[in-house]
Structures are given as structure tokens and as C-alpha cells.
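As C-alpha cells, the structure follows; a few thoughts come after it.
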Amino acid sequence: MDQQKHNIGFHLRLDPSDFEPAAISEKESLVAMRESVSFWKEGMTRFRRNKIAMISLIMIIIFMLGAFVIPSFYPYSYEQMDKESSNLMPMQYSQAEHERMANGESVFPHIMGTDQLGRDTMIRLLMGSRISLLVGIIASGIILVIGSIYGSIAGYFGGYVDMLMMRLVDIIYTVPDILIIILLQVTLKNPLEKLSYSSPAFSWINKVGVSLICIFVVFSLLYWVGMARIVRGQVLALKQQEYVIAARALGASGSRIIRKHLLTNCIGTLTITTTLQIPSSIFTESFLSFLGIGVAAPMPSLGSMASDALSGIWSYPHRLVSAAVMISLIILSFNLLGDGLRDAFDPKLKQE
Amino acid sequence: MIKYILKRLLAAFITLFLISAITFALMKLVPGGPFLSEKAPSASVTAALEAKYGLDKPPLEQYITYMKGVLKGDFGPSIKKRGRTVSDIIWAGFPVSAKIGGIAICLAVVVGIPLGSIAAFRRGKWQDSIILVASTFGISIPSFITASLLLVSFGITYKLTFGLSSAAHYIMPVISLAFLPTAYIARLIRGSMLDVMGQDYMRTARAKGLSATVVLFKHALRNSILPVITYLGPALAYTLTGSFVVERIFTIPGLGNEFVSSIINRDYPMIMGTTLFLSTLIIMMNVLVDIIYKIVDPRIKFE
Amino acid sequence: MSKTFLEIKNESVSFFTPAGEVKAVNDITLTMGEGEVLGIVGESGSGKSVTAYSLIGLIANPGRIVSGSISFMGNDIHLASEKEMRKLRGNEISMIFQDPMTSLNPLYTIGNQICEVITLHTNKTKKEAKERAISLLSEVGINEPERRMKQYPHELSGGMRQRVMIAIALACEPKLLIADEPTTALDVTIQAQILELMSDLQKARGMSIILITHDLGVVATMCEKIAVMYAGGIVEFGTADDVFYRTAHEYTKGLLSSVPSLHTTEHGRLKPIPGVPVDVLNLPAGCRFAPRCESCMKICLKEMPPITFISDNHYSSCWLLHHPNGQNMSTDI
């Protein structure tokens, strides 16, 4: 049998059995195809690999815990004033507190000091973040709903409907938003207050705070236009895709096409735009509160805390710095998260 | 081209008309008025004042009277600042705001475009990461924070906390105003340049044997600058008319300051005047942007 | 054989993606003489284009030349500096691309984009460059060249744009023109015109062309030599006659029988190659075509088949060529 093994010139000894046809199963075992990864799965993998995005996600979770969980067992409350311990520096104790400690009582430190009314700055920062996060998330939700419905209707129907709807968007875009914000705030305040007293069904209005509701209304009236433009653009592009034309040829109704084909295909863009809307809502809320037309006292907001800190800026710079750092970090984390989502799920999406 | 501009101007006119109507209606819906302050004057004084400014007439009549004046170029007197007309106040405040805003936007363009280009060119390298994080920081910090922090850290040391009496006084307001647009432009350029660098014509340019510099400046930059032009129009209008916050923090007598205080004071003619002024500026900037866009991109056609 | 004009030796190019190393081109070797037209055929992802890009040093990130050498007119391209490479590109070696719709910069006029390459590589003044550009445009069959010079790409049709691309490529009288699927994105009638134009220009100037395509019809009309690529490797190389009439590799046979023709096939039906291309991230140990090959043998799954010369200018890598019974040597169809 030896002579049948022939050397074919490249130092490899072959067996005639090697030249027998391979079984189909053997061939198949070789086709070690990767399992086909879905768009979402691949995106998630990319997202998880993105260190900056993961860090920002962790930051956001920490902010959430700090804003929603810690205040419930924090020893001070945001409106609790203590004349004895006003204007304390971070970790400083007042005279009275020193005495209490001398008596063996344990006193929780004022980690970030107190303000001129003797309120603990740390808990106010946490509550302020709560407001910021609430405004950011709820306002973005409202904007998402209004903007995507408006935009997809305009984009889908096109023609005159589109032109008229977009003209309205242009006008809202052009009117200085600070004007509308201030005027609406003032306009809405009285009716809302009356409403909250008129029937117990509306007593929740007082709980949430009239000014906070005003902010939501203002945001939902003004800032959906950006979202509407993006969605309209997407829908216009998708409308030309063959599968939409095919669906229409098969007799699918307009609303079905919008729901089933257009919105599902916009979902990547919607997620990313909404994530990026959150920091911009927080941004605007803090700006309004800084001007004194946002969240009303005694409810703390990071913007109003920064504004209050301006008066004592030379003696207590830490108050301004702490509020500033808090706002910036919250906005930064959401921006980085949005960027990460964009890179992971829609590398082609252009920045608006 | 001229036909297009005329068409745009006509549309602008209609838009401005609508804006004036909306603003007027909103103002009238709001409870309270310019004469309802803490030291509430007597009812007879208020009535006399209202009669003087025509506020006792029905809203529609007030609006028509006002618009007739506007068409003649008369924006009426300011209610709060006795003896000064709205036009006076706008023309006193606008140059101040425009100077700071103009410098800030120029700075943003000059710094933002190179930063964004570098980031795109060194994609995934450390330069990219630094610029990306820094520019995200830039769009994450509200201007009131930038301004306050600058004031705390440098204002005292260099005694530059008030007004615009010397060139040095411009530094901090300009930086506070330029911070956000710089970061935004850098991000825009990075994004669009990455997009452009993946285009087939960039491959053609390199296959021609062009150097990296020519490829970058001739073929990539002109294409990627288009979104920045779109952004700059409204951004310029807003920045030129002044940021209320920066003007307040650095005590600058600009238009932004006047605008917000007029809203808070319910100075009706002043609100109308500044709103119309700002809207006109925004619309004009948008027309200008469209024309520049057309010059840069031959594919765009005026309809 | 003419003096070695172009010689690619053991060239390997990989793309280092987050998912792993993609071996786009794997140890390929081929030579080409001056004035020849070489066709590189293969399906999408077989490494044809990457081979071409490695020739002009335009492998995009995250791609890298892993090993091998390319000698062009006696100089090793991989050893050349970026500056030397720039002198080569557009001048000695130029390239045209698959999609003429997107290959021209939309913001510059046709004239600007042709003159750019002329002034870059020659000492011509702007005026001379313009004259040259106009004569180039009429040479590639564009009417009213003077008017076209001032037009922008979006004002021209796809076929016209590809002619402009050819004019740009030919502007500096290159020795070698690489055409990467030049007709794929065009209408069939335009395809024929463009191919004819390229063929005429090649004959008139005596330049060499590397024509990359997945269209066997295109190579049959234009090419003297053909390289068939599969999953990053050359599976068969030879003259057009060798490849078409003395086909040695099972993949080439599959390709040939999947082409519609007026004369071939017994039952008048096209025969597709079963299966899908291999996963380039996860290449099999043996022959890459084995999983789809109808004559697959046990050895094919274990060992990579060696390059085997059938004649001087015709080689293939297939284990069937080593079959003990030898009945598979150079099958005639």
C-alpha cells in the first residue's frame, strides 16, 4: 500500500482515502457560520463595548438613585430651616449642633454646608436633581408623542397638508421661545391654581406644583417642533422605500402604514432623539429657574440654586460650584448616553 | 435668484404679521398689566395712564393702531422707560449685544471648525476622544454656569466684573457666549466630515494622488461645512440679539437684558418691538443662509 | 512573456474589525505584462476590490497589508513613501470606480476636477490644463466638451459621469488603469459603450488594464488573462481561453454554468452554485470552496489545496488536480 502514497512535492503525505467524496454532513460541519446577529443585538454589543456610554449610563443610574431614593431616608428635608445653622461651610457644624454632639447625640453632617436660611445644601441638590430629571424625562416623553405624531402625519400625507403643518412649525421656531415661555407661565398660573382648588380631582396639581406643570405645558407646546421635523424627514425618506410602496399596493390603510412600517423604522432615530431631548429639556428648565421663572420656591431646582448662590458668590463659591457641577454632569451624562446610542444603533444618523 | 428672494421676503412678511398677531394675543390674554406693580397706583391714575397709552380701547383696535404705526416705522413709546421710544431702546441695546455676539460667533467658527476636523481626521485616536468629550462638555454646560464660573474665577482677580469699558472686558462675556456654539460646531463638523470621508468622491480624490491637505481642505471641508451654515443662521440671530443671562451676569446694557425685563414688566410696546425685531432678524438670517447654501452647493436649486 | 510589469507576491490584506480579523485577501500571487488586460472575477466580498486598492495604497482603515510585496515596473510599492505613492496615483496608476454617480465631488465643476489632476502631475499651466481637459473629454466621447467643463456632476447622466471618470483617469497617460466594476451601476447599453471606449483607449495607448468585475461576459470580451477569486484567494489563473475552455477549478465551472448564454447548458436552465460564500471571519481549514463544492473530497475539508500549474500560464488550486486517478486534469467542457 506504501507506493500508493505519493509525494506531490510539498512535503505532505496523503492517503487515497482522502480523495473519497466527503459526506454532506462533513461538509455541513465545516460551515461554521456565525449565528446571524440581529440589528438590535449587534447594536447592543456595540453599545456595551462603548466605555464612555457605559460610564454615562452608570452615572445616570447613580443620579436617579440619589434623586429618587436617598431623599426618602435623608435626615434633613429640603424645606427644613434651621436659623442656628445658616451659612455653614461643607462639613461644618453649628454651635447648637456642637453642643448636641457634646451631649453624646449623633448629628448628621451638612456635607455641602447650608444656605442662608439654614437649609441643608446636599438634600436641596438631590431634590433639585429630582426636579431636573423629572422635567427632562417627562417633557421629552411629551415631546416624543406630539412631535412624532405631528411629523409622521405631515411627512406621510405630504403636499398641502405637509406645507401648512410645516409653516406652523416654522412660525413656532421663529417666535422667541423665552417670550412664549414667560407669557404662558403667567397666563397659565391663575387658571391652574383655580382648577386645583375647584375640585379634589385636581388637587394633584398643587402637589406637583403649578409652575412645574406650566413648564411641562410650555415644553410640550414649544419643543415638539424639532422632533416633528426629524420624524417628518425620516418619514419622507422611508416613504420612497420599496416596502412601503409594496404595502400600499397591497391595500394597507394609511394609519397601518404609519404604525407598522414608518414608525417602526423610525424607532432608532426616535430613541436617539428622545435621549438627546432629555438633556436639552433639563438645560432649559435650569435656565428658566435661573431666571426665576421656572420651578417656584420652596421647591429647589438646580438652576434657582445657582441663581441664589450668585448673591453670596464671593463668600460661598461652593454653593454655585456644586449646583453648576450637578447640572452639567446630569446633562453631560445624558448627552454622552445619546451619542453612544447613536453610534451603536444608527451610525449614519446625522447630528441635528 | 431675485424672484426667489422676493418670494422669500413676501413669505417673511406674512410670517412676521402672524407672529405679531400671536404675540399681541398672548400679551392680552395674560392677566395683569404694566401698571399693576407693588406700589399699585390708584384706580384713577391707572385709568389715566391706560388712556394715555390707548390700553382702554378694545384689543383689536389697539392692535390695528399699533400695526399702522409699525408700518410707518413707529414702534411706539416704551411704557416703563418714560420718554424713550422702543426704537431708541432697541438701537441702543442692539449694537452692544451684536458686538459681543458677533465676536463670539466668529470665535466659535474659527475654533470649532478646526477642532471638529481634527477629531474626524483622527477618528478613534486620543485627539478624537479628547475633542469629543470636551465638546460634549461644551454643549452640556448652560451659559449661565459658564458665565458665573468665569466671573468667580477671574472676574475678581482682574477686576472685570462690570460693563464693557475696555477691550479686556469683552473676554469673559465673549467666552461665555462662544462656549456652546464652538462645541456645537465642532460636533457638527466632526459628524459631517466623517460622513463625507466615507463618500466615493473622497476615494477618487485620493486616487488622483492629491495630498492629504488638499483632500481635506478642498474636497472634505467644503462638503462638510454645509450643516454648519444651516446652524449658523438662527444661532447668529440669537447671539447677536444677546443672551439675557450673560448680559445680566456681566451687567452689560444689551438688548437681551431689555427684552426679558420688558416681558417681566409687561411693557407691551417694548415686547412687541423686540419680538418683531428678533423675528425679522431670524427670518433674514434664514434667507441669507439659503442663499449662501446655494452658492456653496450647486445642487440646490431655488424653486 | 513580456518583462514583469506588475508582480504581486503572497499579498495578504486583513481588516481588523471589532468582530475579529477579516482576511479579505489571502496570500495571492499573480503577474501581469505591459499592455495586457487582466480580468479579476469573483462574487461580492471575494477580495477583488481590496486587491486593487492595495495596488495604489488606498486600503482604508481598519484594513492593513499583512504580508507580501507588489512590484510595479521594478519598484516595490509597499516600500514606497506616501509622497512617492502620491506621484504614482493618478499619474502612473489610475483608477475608476463602480458608482459614477457618487465618485465625483458634487461641489466642483467637471473642468475643475479634471484640471486638478493634470496640474498636479504635470507642469502645465492652467490654460494648457484646460485645453488638455477639453481634448480628453472629446476623446472619451463627450459632446460639447467646452460646455461640459463648466457643468456640475449632477447635471450629467451616469454614463457621462463614468466617461468623465475615465477622462480623469487617463489625464496623465497612466501605464496602468484599474477599473473597479466600471459598468456595474450603468444600463446595459451604456455598459457596452463604456467597455468599448475602454478597449479602444487601451489599444490606442497601449496601457495595461486591470478590470475587476463579477460579470464573466465583460471579461470574456476584454481580457487576455483572467484571475478567478474566491473568499480572498485566487482559485484559478490563466489566459481567457484556459479559464473558459480548459476550466480547472470547480468554482470557475460553477460560475460558467451560472451564466446565461445562447449556446450552453443541456436543459436550457441556469445552474446556480448552491450555498452561500464562506464566513470571512471564520475561514475553514481546508479549501474555502469545499462546503459548496459538488466534488468535495475528504482532503478538501482538511488541507488547503496547493497551487498547481496545469500549463505555463494556467494554474489552479484544487485537490481534484491531485486525484490519484487523475481523470480530473484539465477538464474540457
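Should a chain be cited, it is by its letter among A, B and C, assigned in written order, with residues numbered from 1 in that chain.
The definition used in the following text is that a contact is a pair of C-beta atoms (placed from the backbone, for glycine too) under 8 Å apart; a residue touches a chain by one contact, two chains touch by 3 or more.
All values derive from a computational prediction rather than experimental measurement.
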item	value
Chain nearest the global centroid, as defined over all protein CA atoms shown	A
Comparison of A-C and A-B by number of C-beta pairs in contact, larger one	A-B
Computed distance of Cα centres, subunit C from subunit B, in Å	54
Separation of mean Cα positions, subunit C and subunit A [Å, integer]	49
Centre distance in Å when subunit A and subunit B are each reduced to the mean of their C-alpha atoms	26
Residues within subunit C bordering two or more other chains	none
Contacts with 2+ other chains: residues of subunit B	none
List of subunit B residues in touch with subunit C within their complex	199-201, 203-211, 219, 222-223, 296-299
Subunit A contact footprint on subunit C (complex, rising order)	18, 275-276, 278-279, 281-282, 284, 286, 290-291, 295-303, 306, 319, 322-324
Contact footprint of subunit B on subunit C as seen in their complex	56, 58, 85-91, 94-95, 97, 99, 102-107, 116-117, 120-121, 152, 154, 165, 168
Of all residues in subunit B, those that touch subunit A in their complex	15, 18-19, 22-23, 26-27, 29-32, 129, 132-133, 136-137, 139-142, 144-145, 148-149, 151-152, 156, 187-188, 191-192, 195, 227, 234, 244-245, 249, 259-260, 263-264, 271, 274-275, 278-279, 282-283
Subunit A - residues contacting subunit C, complex	4, 6, 8-10, 12, 14, 16-22, 26-28, 30-34, 46, 49
